[in-house]
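Accompanying notes for the structure given below.
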């Protein structure tokens, strides 16, 4: 039932504070330490993806993190208004698609349910579910 | 958020002791440091992750990029890591097959037989 | 310029996460350690006041924390939809008005500017400013 | 969030060692513990705040309430605190004039001359 919403500027410096919030809420929600760490990494990845596409696109719309815990699961949604990620230019010699595929591998294996989809009104939405 | 980056020479190796969280914000600082090392002629690099509390895909991307760079000079890049939560990140992304991962800096800087 | 918005359930268990967020943002914004601590206490007080009036009123509307930093100041607003605070019943033998007057003294002395006012649409708004 | 509350007897004093953050969420646990002590006949209470990282007005309210309760039994409540950031809270609210504040538990539990 309890919902926490956090909006950050779409800039990489703010992802750390999201990790603090998620760790704290996950611990308070009674998740085990490993589950707390896994969810923290997953949410951080989702935010990194959102922030990078926004930094690239130069948008100012916030990245929105929604935390929702109930008796049988924790769900975190990360939404942004950046451009679609695949089109982001690769920085230097680290190809962005290498990074994105590693990010997707992490998201996929660290939570019980994961989806990453365009939003009808622009940007992407990452949905993460941890079952208790 | 600060990322600690200390470089020391052990024999022919350049050891980078990293402290803090490697994420989308701090990873560029690590990338710069590793590019600087290679441009100064250090092709045998050890990245010590024992002081790292957090590592994400941007950090992995930087390590993979640095590996490519030292390999272009017939060098190598190995890691020091014993923390389960960090090793897990390398396992999930298949990078345990790409990087030599050692238990200690001593181990990582032993001369090849 | 950068704005961070955090909405929490109007329950006391969530005030700790607000402190984490404020400390982290204040430190990143370059405030000195004492100023970080002072702002953390002030925001926590504002949230405690908001949460207590909501818990008393049994409302579910979130408490909203807005962080805004620019070159010359940091401003934090804490808004709620609870009932007006003075009317909250005192718990046990600790009179709520004693606590509130201590809270007001802390708010007043820990930040450079402080106001605590009813919102036109219900609830209260606390505004805190720290000048750099 | 856990609030650590350990009680020990030193002479006629009951010393409560508090650990963690005393805020709107945890203060009720401290209140219960102090009410319990008084109901068990402990009227000379020392609250050791050296392990406390954070204290807000709800925590102050609980301490003031406990002071009133022990005073009703001709007892006393004193505090142990040397941390500037916690002392500041007592100063701002004028409570340094209400509570005896000691530098150590030893000091707080010395028998009156």
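In this document, chain identifiers A, B, C and D correspond to the written order of the chains, with residue numbering beginning at 1 in each.
What we mean here is this: a contact is a pair of C-beta atoms (placed from the backbone, for glycine too) under 8 Å apart; a residue touches a chain by one contact, two chains touch by 3 or more.
If you're wondering where the values come from, they're calculated on a predicted model, not measured in any experiment.
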Neighbouring chains shared between subunit A and subunit C, ordered by label: none
Chain centre separation (subunit B, subunit C; CA means) in Å: 43
Euclidean distance of C-alpha centroids - subunit B vs subunit D, Å: 49
Rounded Å distance between subunit A and subunit B, as computed from the means of their C-alpha atoms: 25
Set of subunit B residues in contact with two or more other chains: 1
Sites on subunit A at which at least two other chains make contact: 13, 16, 28
Category of the chain touch graph - line, ring, star, complete, other: line
Residues of subunit D touching subunit C in the complex: 1, 21, 23-25, 31, 35, 54, 56-58, 60-62, 64-65, 68-69, 85, 89, 92-95
In the complex with subunit D, residue positions of subunit C that touch it: 12-13, 15-16, 19, 34, 37, 40-41, 44-45, 47-48, 51-52, 92-94, 98-100, 102-103, 105-106, 109-110
Footprint of subunit A on subunit C - complex, ascending: 2-9, 11, 13-14, 16-17, 20-21, 24-25, 28, 62
